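To keep things clear, I will list the structure first and then write my remarks on it.
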């Protein structure tokens, strides 16, 4: 069931962070220093009950007020306090793969193997990932590159099932006058993000995105992560019969490259950003297979 | 029940973000440019079932694998895929106030009023905060200032019930050769963080921290947020009879100043950081009263 | 906001169980003694992720294996056990109003008043009902009466919006040769239950059921509870403009009569049951507004 | 890993309900007819946040009001209703093994085998038990037999680690003048139930209970289920080194006999019940490994 081809050996048998090894001090400083105007773009969506989710592997997001100001004031009065300090606290039930989020390397397997040849039976426990969980993903402060392919078919966005090819990625980079370098994070804009939270049925029915050739090309350029304004980065449905989620499998389980999903890229595209400082700080949910995030682009 | 004294009027009756209004472009650029070496310090703890929580308002953190690689491979095979892509996806049940986290302005009330005089009955709904939710907190990229008071009593940390005074905060700033300015985020180190996840019973039993005078002094300096290496920033128990959580109430509900809790500050203290670039990107959980975060300090 | 008309005063100001006061020893013995053949009919549906729920007040049902045999065997081996005892344990997230269930008297209010004039602000807390919770509903072992009105329009079932009138209930009782008596539980069959878990969209879009006149008539006969093979017992949508859920409000909050929803009544109807021993044992979830149940009919 | 000895072959290779096959019409009628006085004893505890749970396999019980009367009235007014019908609905997070509950046959394995030789890898899925889930347990209406051994050591209860022997069970039956017959449900009273919800730390630290010999003896008498007033029916810790939970393993996975835990038996003991009508109706949570229940004894 193995026989996988992958790059992880670049960082040795003990490596858990994959292409995050390419996040060097130089890349970080370069990205920070590239910020001239101090303008911040928020490339994430709000997370709520209206966030789309792909059943059955993903589950709905629920948020409820658990403790309210009224009752907490009563409790505090009962304990002798008279300053009427009310607490509002919620209870959240969710998957980490809700809204704008990053996938951990342990999110996908190839058969019974995870990234770096780790055994899935030994690594995936009832209560999370013993290794390759999102808590191992370092803070990401590096250059982000926007590859805007949304208009490739003459419309406002590409359509479900439409494969974004390596050529199209290259031309988008050229048009933006950037050459992708090791340590970059590539953000692909298909335009599909416009349906997030607006028409979830449509958003979930299928999507434009890259296939293995596009993923391989980006990975060869040395990206740390690939992000996209759709649910899964990769094209759905995949045109090849007999394969499901090959980009997830290759990027996470073979190459150790992260995936960032459900990005909101319309604003950065409208303002013509190409290369920018990109910051993503995954919450360290121990053993989680991903984390909802609020990444930003700065120019 | 009202008669509150507060500063929010500085930003007008429609304001929802409080002291985050002080996060100017200048502060952001200054913070980014202050980064010389490109070294990143992670000032957050991992979040897991062993994270402390203050019952009854807070609830335990639970993470379970919801969909596993084995079963998802079976499902994909049944749908005709043979590449054996297995998904690992979790289900999380939590409060936003778990681990290292930031409080939203709507987290606390003074009687039936929230920040900026908002009506709690109208704002706090079954499913979250209609206004003042954490999704309104902007990305925070600004100068962080470490105020290390842990050694004030000659030991490794201060003790539960020990009030950190304005004088001690000032002297800590002086020792670090920084003067707190508007738009800064102040991080107070009491040393109490050493018990997080190590001895939760102790960590929760009480803590050193600021009281109202310390909070007011910091707020007068124009901080956007006050962070600390304890559960609640403020001293517990509060020495004044008849008041509960007065710093939460004043900072959040009156002054519009954020609180960041359960920080991990031992490393930045050990390396002598005083002023640094501080980045905190709260996840936009709509209507939530806070968000777990993974803030970083850069030098 | 009050000025409600109700019967609860029959059982006094301290009463919390309403018409369950009519579950006398005589009714119980009579019901048990009526069992001649010892045949059991299960009048409940299975509960799973495919159970319909009425958003936004109701939430989806989620069940996940929390601890599995594999990992628990590993843990026990690590603790020295060699008998390889594996535990499978789940985690459930749900509302009590899922699948076949009974409503507690505190489930509905009339303005700020609950059953027996209780104050909703004082009774409904963050964490459940201080009074009138399902734990107060006694074990129900009494006579059940099937009122089969499904064929009243010549078809297999009535349609959404179709009001079942007191006359129709009376005629159904007559046809079954039963006269409803105090302490009985009336089960109304509309035929709508055929869509439960089969076509939830249809099941939820609307339903046939009783309106206030039918509810009042049954309550006047002295029923303890009214059950039905639909989501809400009452007709949806209600034909009167300006009223929502009037039967829930009258039965629970005014009359102290329980409601049992999502019953599976096709089998008992097919076998011609009319009066029978009916047993319903609500789980004592403290403070809950209802409980999923597995009631049975015996003949 | 197999080589198990078990009785299940009595009911054939397709059997999923084990000793519930012994719940005949005769037993049911006999139990119902034995009810002379019509008195009901509730042998269950209330379920709340104070219910004990055995970490890590079991998880805490949480109940929160999800939708409240205030907000639902607002929503209904907004939709044009003026009758001010308020809904109170909760959200529950729990394991099925909370409070008084029954274990499904699929709850335990012997290595990779479940009851009736079923393959655990094939039967235990991410989302529950494909077979042997609690939904298959039939309604249980049969004779219950109280075996009161609480006073065997001269005190009010037995102590943790104390094994209840077959001899002691026999003598308790003799003292109660009952002989256990096929189709009975045996309820063992150790007296340990007094600590449930009163001193959970103590309740959980260990318990008196049967060991394999006692379980085998009861199973040989043909019981459908064994219940007890403790967490696990069986003695904890088990005196044999190298075995964990052998009674669970033998009863559920080998013999197909159910276990009922956390019963409240003080009242039935005080009133001298020995043989009685016992009714337990497990909620049909599909694929669940158990169900909280509210069983009753009638005389």
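Lettered A, B, C and D in written order, each chain numbered from 1.
Simple rule for what comes next: a residue touches a chain if its C-beta (ideal position, glycine included) is under 8 Å from a C-beta of that chain, and two chains touch if they have at least 3 such contacts.
Being a predicted model, the structure only gives us computed values, none of them experimental.
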Given chain A and chain B, the chains that contact each of them: C, D
Report the chain pair from B-C, A-C or C-D that duplicates the A-B interface, where duplication means over half of the contact pairs agree by residue number. C-D
Which is it for copies chain A and chain D: same residues on both faces, with over half shared, or different residues? same
Here the gap between chain B and chain D, centre to centre from mean Cα coordinates and rounded to Å, is 44
Which integer distance in Å separates the CA centroid of chain C from that of chain D? 24
Multi-partner residues of chain B (at least 2 other chains): 49, 56, 59, 62, 64-68, 70, 72, 91, 93, 125-127
Chain contact graph, described as a line, ring, star, complete graph or other shape: complete
What part of chain A is in contact with chain B in the complex they form? 1, 25-26, 28-29, 32-33, 35, 37-40, 42, 44-49, 56-59, 63-70, 72-73, 75-76, 79-97, 99, 106-112, 120, 124-129, 135, 138-139, 141, 241-246, 248-249, 277, 279-289, 292-296, 298
Applying the document's contact rule, which stretches of chain C touch chain B when the two form their complex? 56, 62, 64-66, 91, 93, 127
Hey, which residues of chain B end up touching chain D in the complex? 49, 56, 59-60, 62, 65-68, 70-72, 93, 121, 125-126
